[in-house]
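Have a look at the structure below, then the notes.
Per-chain residue numbering starts at 1, and chain names A, B, C and D are given in the order in which the chains are listed.
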Amino acid sequence: MKKEAMLQSDQGSSPNLSVNLGGINLINPVVAASGTFGYGSEYRDFINPAELGAVAVKGTTLEPRAGNAPPRIYETASGMLNSIGLENPGIDGFLKNYLPYLNSQGVTVLANIAGNTIEEYAEMAARIQAHGGIAGIELNISCPNVKKGGLQFGTDPDMVYQVVAAVKAQTSLPVIPKLSPNVTDIVMIARAAQAAGADALSMINTLMGMAVDINSRKPVLGNIFGGLSGPAIKPVALRMIYQVHQEIDLPILGGGGVINAEDALEFIMVGATAVSIGTGIFVNPNLARDVVQGISRYLQANGLDNLEQIRGAALQK
Amino acid sequence: MKKEAMLQSDQGSSPNLSVNLGGINLINPVVAASGTFGYGSEYRDFINPAELGAVAVKGTTLEPRAGNAPPRIYETASGMLNSIGLENPGIDGFLKNYLPYLNSQGVTVLANIAGNTIEEYAEMAARIQAHGGIAGIELNISCPNVKKGGLQFGTDPDMVYQVVAAVKAQTSLPVIPKLSPNVTDIVMIARAAQAAGADALSMINTLMGMAVDINSRKPVLGNIFGGLSGPAIKPVALRMIYQVHQEIDLPILGGGGVINAEDALEFIMVGATAVSIGTGIFVNPNLARDVVQGISRYLQANGLDNLEQIRGAALQK
Amino acid sequence: MPSLENGLVVRNVQLSRDLYEMEFIAPNMAGECQPGQFVHVKVGSEDSPLLRRPLSLYDVDHHLGSVILLYKVVGKGTALLSQLQAKNYVDVMGPLGRGFTLPNEKRNVLLVGGGVGIAPLVYLARELKERECNVKVVHGTQTRADLVAGERLGKIGVDFLPATMDGSAGCKGLVTDLLNKKVDPGWVDILYTCGPELMMAAVAEYARRHQIRGQVSLEEKMACGVGACLGCARQAKSNDAHYVKVCKEGPVFDLNDVSWEQSN
Amino acid sequence: MPSLENGLVVRNVQLSRDLYEMEFIAPNMAGECQPGQFVHVKVGSEDSPLLRRPLSLYDVDHHLGSVILLYKVVGKGTALLSQLQAKNYVDVMGPLGRGFTLPNEKRNVLLVGGGVGIAPLVYLARELKERECNVKVVHGTQTRADLVAGERLGKIGVDFLPATMDGSAGCKGLVTDLLNKKVDPGWVDILYTCGPELMMAAVAEYARRHQIRGQVSLEEKMACGVGACLGCARQAKSNDAHYVKVCKEGPVFDLNDVSWEQSN
């Protein structure tokens, strides 16, 4: 396995893995994906959250939410479905009870906010701005807009523009819309986000999916539909990031199915500035460390000293 | 595994597996997916094509096509990417040189046609109508429209309407548009197809994806992007069929990632009238036979005698 | 503190048609274990089956620094687990979750296990005996062959009452039938149970009726196993809107804190 | 006629760091095999790794009804294959593809193999000897340990000329260096080759220069293995617009019909 070979050999001084994600300096390009690393403390016995370039915390709403009725997760071929339903303590509860631990550990924190209305997004951004302790705001626009009859914000360029603009108006922090892959034209969505002043883009969120229990003849999830994540979706994530990087000049927090360093390198080669890991953490709680080391070894084995030298390499003719 | 248990136990007289797919009578609900079973003769040493409910032949264009430059396929986590590029002998070459074998074997044949323009679709439909020997026409609308600057027919409801209507005007055969999953709102597309007179719907086609070789730092496919198929996409396929079956009253040829009888049953339970198998055939050339037997055993083990009793079961409250 | 280790398999033997017992050496892990906790096991290839599988601690050998599991082959993951052989390594994370709360003084304790649900109760029984509790263990299974814990429990020195559906050993019928016939509720100070959902619900009802306090070990599908993904949610009795996380707040819960609606 | 069989593994032994030899019993299949054809092997779980792996026929034992493979562990599939043990079953489809065209009369034949590319040439050598051809086999590898076919070829009774890059056995350097030094092109009536793309290109050039006719066994990634998916396309020399399917029109092609542009 040539790949592995490359990752094993280890020579030279360790390369510089720091990156700048739309104004946020990360010590390395590996970011815990929202909803998969809780609030940073859950995995403390396995990994120090400060080892990660950044931690995107669980999606937060204006008011606390109990989340969806179980069952909430289901394993699929090289992937999993989840319908957590944004269970969270609400923005104030998060800032008051969960953020302090992350700050005490010196973790670079990305808030991940989800609203039912544009006003809710703006209000949460304002509270984050006023509170401090957050490096950037990831906008989860994959949730239904109650005013517009449940149509997802993230699937309509106009709504994406409005949400991003409204949030930018409330904060000086870097704003990173997280794009939904469940769209016809991801570039159009990304362009709307850019026009509204997005500092970077996060992609991809989960693909909407479902599964059926053939014995009960019912959907396996209490919520019927759930988000598909894990290695199964990696080819779709790579393709969308490639398309966006080709057309739009914004740094990308790219991920979807990363379970090892080779996967992360693929994302960097299609243009990702930083790489998010989610489901992969469930499989390997040390994944962040393993990916950082693996990327470092790859650069060394190839006589490279920073990530710029390979970023977007797959797009060069 | 309860599942297996159910599929093993075998009692009672074999149930009736015949189905009617938009006017086409199938002896069983298992259909070979276009492009994965060639023209029916390639797998003859392993399975008699007449054992299948129907065979959807390789996508055919008006003129012969050489297809894309290799590499054309790549394995991914529980899936594969392909960028064959519709290599085919052209509609006349197909009717003259490949259809006779299928007819001689008494196979129920679904043509699968792809055009660059609406006129090409109509012209192919007319030639099929004139020639005979075809049970129905599957419209591959996942290909770019040269006139409209490459935008895929299948992603725009208006174009879907026009293509289906144009084809219907040329033939009395059942017309089955094959929907692309790379869209924001699959129901809107399905509704346009229905409005234009589609007799059934085929879904889903592949998800657009890609992969990168981290050693060469280039895309693995000669064509850069390819279609993702196999078990990885099953949750997305089930979700889209569920959504369409809930809203639209048309029979569905459903598939995407089926590799065993349990998978096929899931598709039937979200509303599929017939089930297509593609990539799964590469893994198990006898898959069609195994799925038919498995479905039959499931019905018997559950004291059922036809598929109507479980079709769409997952949608019942 | 839980850890991630490659346990060295020393044994992985088939006990009945679908029940296996595996022992692996993982000193750090073994040193941390408490009855009722679980380990999160990764089997197969990197991407399939993808998720870890939660398995209770059947027992721990502090001398050898090993952990012992009792598992039933029900699907892909457990089938692959059953193929591991001595000298293989197994990727394990743990111990995880909140185990049983043990009484501080000598008590009369009733353990009720159903099927492979006996697993956590064996480790618990040993710890209870070390605290000089009087321990009665009721184990219900389909048939005699599934009563695989009898010998261990014998060694531990508990009062063992088996029940089988087919009557091939012990009382014929459900554990609850046996409880009503053979156990004096008055004797029981504390009750612990683990098994199929419906059995646990019935045992909980028995405890409620006789006002016996106790705990139960629950099962939900899990991804992270550490409280990060919120996937293993289960409705809490106390408050309908609130969902407990079985991996972190459990898997062991006080009987009064559990709602059995899901199971009906 | 090719078939789908569960071959009974009788041997799966490691020959060098990454080379393995496996023999499995599959009578129907063995009865149909021709040198240069391949079998399509499914390993792992149902969904991962998903696709079958094409492997050449290293030899066939018609007496035992068995098929013998020589394979190099390069990734997931071959790694899993190497874990199979005697008495296990292996899911195999074949024989597939178009094999070598053998001369009808006694001829002087040169076989040039690179690395594990020697596999199809061993079976071919045996058949050629049975037709009383004079057979010279050149095998190039990295080092002595990879010259695993020497013994078989000795038994078959061919003239064996090894070459190693590190000079640990035979001539030091590339097979083409050896050809130029040690083989009289005038002696060669027919040439067959299989190995790394660049080596085959060089050998093809050697054959062209000396006007030797011959055949080559090519490799492309495959899905169906029977000509149904059109995935294993490769540009044909004859006509740029046309792509041959390695699984069905090949894997063996006449040297004149192959374009080596891909490999540069």
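As a working rule, contacts are C-beta pairs under 8 Å (C-beta built on N, C-alpha and C of every residue); 3 or more make two chains touch, one makes a residue touch a chain.
These figures come from a predicted structure and were not determined experimentally.
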With centres defined as the mean of Cα atoms, the chain at greatest distance from chain C is chain D
The distance between the C-alpha centres of chain A and chain D, rounded to whole Å, is 46
Rounded to the nearest Å, the gap separating the Cα centres of chain B and chain D is 36
Chain A touches at least 2 other chains through residues 77-79, 230-231
Touching two or more other chains in chain C are residues 47-49
Among line, ring, star, complete and other, the chain contact graph is complete
Within their complex, chain D touches chain B through residues 1-4, 42, 46-52, 93, 220-235, 241-243, 248, 262
Listed in rising order, the residues of chain A that touch chain C in the complex are 35-38, 42-43, 45-46, 58, 66-67, 69-75, 77-80, 82, 84, 87, 230-231, 259-260, 279, 281-286
The chain D residues in contact with chain A across the complex are 47-48, 74-75
Within their complex, chain B touches chain A through residues 2-3, 6, 76-79, 81, 155, 182-185, 207-212, 214-215, 217-219, 224-226, 228, 230-236, 238-239, 242, 257, 262, 265-266, 269-270, 298, 310, 313-314
Chain C partner, complex, touching residues on chain B are 1, 77-78
